[in-house]
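Heads up, there are several structures right after this.
Here subunit A shows up in two complexes: once beside subunit B, once beside subunit C.
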Partner chain A sequence: MSLTLVQQKKRKITYSYLGLVPFLVFFLFPLYWMLITAFKPDSEITSLKGIPFIIHSVPTLDHFKFILFKTRFIQWFWNSFQIAIVVTIITMIVSILGAYAISRLRFLGSRYFGVGIFCTYLVPPALLFIPFYKVVGILGLINTKWCLLFLYPTLTVPFCTWILIGYFTAIPRALDEAAFVDGATYIQMLTRVFLPVAAPGLIASTLFAFTVSWAQFLYPLAYIYRDEEKVLTNGIYTTLIRGDVYHWGELMGGALLASVPVVVLFAFLMDYYIAGLTRGTIK
Partner chain B sequence: MSKVSLENVCKNFGNVEAVSCFYLDVEDKEFLVLLGPSGCGKSTTLRMIAGLEELTEGNIYIGDKLVNDMPPRDRDIAMVFQDYALYPHMTVYHNMAFGLKLRKFPRTEIEQRVKEAADILGIQDLLERKPRELSGGQRQRVAVGRAIVRKPAVFLFDEPLSNLDAKLRGQMRAELSKLHDQLKTTIIYVTHDQVEAMTMGTKIVIMNEGIIHQVGSPMEIYDYPVNKFVGGFIGSPGMNFLSAKIVSEKSRLYVDTGGFQLLIPSKKNSFLESKTDQEVILGIRPEHIQDAVFTDETSITDSFKAVVEVVETLGAEVQLNVVSGEHDLIARVDPRTKAARHQEIELAVNMEKIHIFETEPPNERVKTEE
Partner chain C sequence: MVTIASTVNGRSSPGILSRLKSRRYAAYWMVLPLVILIAGLVVYPFVYSVYLSFENKAETKFVGLKNYKRLLNYKTFWLVTGNSFRFTLTAVFFKATLGLILALILNNLPFGGQRIWRGVSLIPWVMPLALSSMGWWWIFEPTHSAINWIIVQFGGTPKPWLSDPFWARVSCIVTNIWFGTPFFMIMYLAGLKSIPESLYEAAQIDGARALQRFRYVTFPMLSKLIGITVMFSTIVTFANFDIVRILTRGGPRYTTHLFGTYAFNIGIESGHLPRGSAVALFMFPVLGLAAFFILRNIARGEE
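Then we have the complex of A and B:
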């Protein structure tokens, strides 16, 4: 039995997809669970009868109605959105400048700076939130969403800088130099030559910064108690879990709605990301 | 006026001395070639002129302006990089127009200049393409185009042809020479390829290990290399070097290689007498060793016998690898030669063209004529 090259290739592809199936199940099951729970009536969620993996009765929108109209969900959503956008912008500005300096400029200790920055990322938030409480208190920002603008960058900047250093060092130095010789200032070189070429890296770190800011849980939970200042993560948690009563349907519905912006963002930027990856290199 | 002067310029990277201090003047409209083996500091020198590398010491003048602390954009230079460094996200047109746009040229002027450059380089049809859609030779042209639209005072080239195949390289050599005639600007060109240096340069600077060995016109450097390094670096195949001794017999001077003796023309005697009985290195270019049967009558020759090891027929000439005693030599002889492998042949050396070098480093050439 001999296979042609094309057949062999087809087989290889089939096998690799088969290999992916367990991962797919593993990753998608929680999402599926969230989806069906959000649409199940309460009576069914708490019932022990029947197979739990499908919806038996008529799907209901009650949970969604509850979170949208009986809680401050929309306010939280808006708060989360504002914070995530502003944090992403701050992060990108700081990380781009930092990563450029570290990957291109020679200054005292520049070689160890990158590693140092990455190490700060390894300090867990759980360790920092007590000292940060003091800092936020001094700034007078306890119980306002704006404190998050100071806190989230401590998570996003180190990691994004680190990602960008990787992308930036892969861009030949001659490209910046060509721009300088052509007459560009630092800012012109960055905005018109360097950053467009580094687009895949910028997109990767934008995605990261946005997702982290959107999903951060500990800091808002620790610093924000006023309902109208809450963001999605702590808002949903504090409102829909009362003591040991879990409003599963509403929780899952809220989580489902909360995940929409991230999914949309990925869907949009992924195309650019791939396009960037396949773009011609220098030589 | 686009004279470039380097005064006592040097560059260290930490403890590494990349370029030792030197003086160099590049005249207006000169095609200066920095030539030397890999790692000798050519690029570093060029990059200092471009303003991409700080000087450790010294001054650089472009025109009459001291440019030490001037950023590249104010130096009125254009540079073509070894791997072109085209902007991958811009079309050919925008690659060429970028420098003009930054300098706020009016749109019509930009269009006209880009078109002009594209005409000179024959890339009119490529203007809408991205760099990735171009062949190596086309990219090279775009890189040159990006430099010439700016009409700078000085062009800097860093091994722009090293990524091209041999045929294209030959073609581009001719085109760059033509371009130099057309543009009438100063060009500083870095290469490790001596053919590029000899064919295009009006002045050549030979560097090795951060030191400038010789500055001169191509023929000066070919005819009068200051030392063994320069003699061996220029010419292809390289100069034959034989350890030898100057001997005197009956008031005639000979150079004795152990295996054979060659009579030194009497007009060189006065320069070499002081070397009598001293060890020297004899340098003979392959093209100055001929088949004794076909020597040209006008030059003073002396001959020796050798055994042919390899015969390479190149068409216009024949290259022989021969052995005489302990010495291996290469000769480029007349194609009519009857030389055959393993046979003895009589070879005539053009004694007016021989070089005598000191045995001690830096192996300076002993002067043998005025």
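Then we have the complex of A and C:
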């Protein structure tokens, strides 16, 4: 009896792995195809002979050399990085203070704040980019990367505040009451009690803010046309595609290189991110 | 807590009282940046876009509902409306179904394998969508690329993926399914973990087979989460911009445009900001409905 149970379990695991295969092929094929294209010489990309899923001739670094030395890729990378870092810092300051006040220091209307924050999802970038076009223009920030500094927090702050409210509310009240009685100020309570205890939530929201800033496409596409001010997403899209001649090798190489920082960050911090994402809704 | 507080109270009660009073002011100061941000950068632009949509192209005259009326008379606008709903409904349906199947599969795996493959399955969702869409764009290239090569190997005729209205829509939807399925998987997987093992044991004792356990235990326990996740994804999918912009730019002949890309086309590229605003605002009722549903569900869960 117990033997069959073990066998049953083994069979279940085998079938599960079999069922996983088509998903993995679907998920990973585009990446493989991008990778292999980036290393193929142009003559092979446009050749119709042979199986296209392997490189027949010698893999080439020409596409990467072109991206790094003949385009402004490095400048865009640096722009993306600067913007993402500053937006993340702004986001964390605003969200931490807001979430702390909402979850602990009760004040008039604090109960409705959670709902209000959630409602900002009703106004996505696809709806906001037109009024922002006017606002950015009036502020004289069209064609500069700096306009992104005040546009991106609208995408990051609501979600990060939402995550942090969840983490802060879960901290036992006894902890901050004890600190309060010991004479701690509100800021000390925040830095000595709340931030250390909610560290996983801080990691999750930092990661969220950084990746959202890194990945945004619509705002830079709409407001930034000068090559040296572009970020990675719109830079690659508008510059590596010229007329009807698509430089597939360069395009794929650029898209992959631009994804590396985000994918690496996730590889290390994914567990925090998943916990932050799911804890609000699963209960 | 009470005992400690009262003993300490004897010593420092005035301090605590005045500090309790200052608590409210501290809260207002702390929440101020958040309020400024939401009021100034979400609420204000939204109201402004409503105002803008009542103006003429040169933004010199108030024309009332003219932009909206014009749009309602455009065949193209109704085409875009149809596209947006078709895109959202199809993509969300497949994402929700495939995500559930994938979550059930991963949930069966032993801990180590589960962690690794869950991470690998998340890659499409982690990668910036604009960049991975460029990869899909290349995949769908008709002459030199992958999909048509495979089709030809199996004796089929190559498809003009991005230049035929039907296949262009399929391409955009497939790309969205690829991107969004991992999100559903991660939500469902977390939900599956929160179902108490005892429920399955009880079902087992009652003689329920695998399918019945899913039908009577797993599905009812997940249903609320499925609802929230579906609505959440509906908001994001309906407002999608990157995929269509990169794969087809709305073509061929507007057959793949969504509200977001069409608003960009009219507002930025054709320079008619007020009418572009009106297009984008047509998204609002659907987004509002979805958000209302989510809030109602979350609020119910807190009771």
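Just so it is clear, the second predicted complex is superposed on the first by the 238 of 283 C-alpha atoms of A that agree within 3 Å, B and C clash if a C-alpha of one lies under 4 Å from a C-alpha of the other, contacts with A are read in each partner's own complex, and residues count from 1 in each chain.
Keep in mind that, in the parts below, a contact is a pair of C-beta atoms (placed from the backbone, for glycine too) under 8 Å apart; a residue touches a chain by one contact, two chains touch by 3 or more.
None of the values given here were measured: they were computed from a predicted structure.
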First, second, both or neither for A:F266, with subunit B first and subunit C second: second
Subunit A residues touched - subunit C or subunit B, whichever exceeds: C
A:Q82 touches, of subunit B and subunit C: first, second, both or neither? neither
Subunit B versus subunit C as contact partner of A:V181, first or second or both or neither: both
Which of subunit B and subunit C A:P196 touches, first, second, both or neither: first
Touched partner set for A:T144, first subunit B, second subunit C, both or neither: neither
On subunit A, the residue positions that both subunit B and subunit C contact, one per complex: 174, 177-178, 180-181, 183, 185, 281-283
Sites on subunit B touched by subunit A in the complex: 50-52, 71-73, 77-79, 81-89, 98-99, 102-103, 130-133, 139, 146, 150, 163
Contact set on subunit C toward subunit A in their complex: 1, 4-5, 8, 12, 15-16, 19, 23-24, 26-28, 30-31, 33-34, 37-38, 41-42, 45-46, 48-49, 52, 98, 101-102, 105-106, 108-110, 113, 117, 119-124, 126-132, 134-136, 138-139, 141, 143-146, 149, 178, 181-182, 186-187, 190-191, 194, 225, 228-229, 235-236, 239-242, 245-246, 259-260, 263-264, 267-268, 273, 276-277, 280-281, 283-284, 287-288, 291, 294-295, 298, 301
Subunit A residues within the subunit B interface of the complex: 172, 174-175, 177-185, 188, 192-193, 196-197, 279-283
Interfacial residue positions of subunit A with respect to subunit C in the complex: 12-13, 15-17, 19-20, 23-24, 26-31, 33-34, 37, 45-48, 52-53, 93-95, 97-98, 100-102, 105-107, 110, 113, 115-135, 150-151, 153-154, 157-158, 161, 173-174, 177-178, 180-181, 183, 185-186, 211, 214-215, 217-218, 221-222, 232-233, 236-237, 246, 248, 251-252, 255-256, 258-259, 262-263, 266-267, 270, 274, 277-278, 281-283
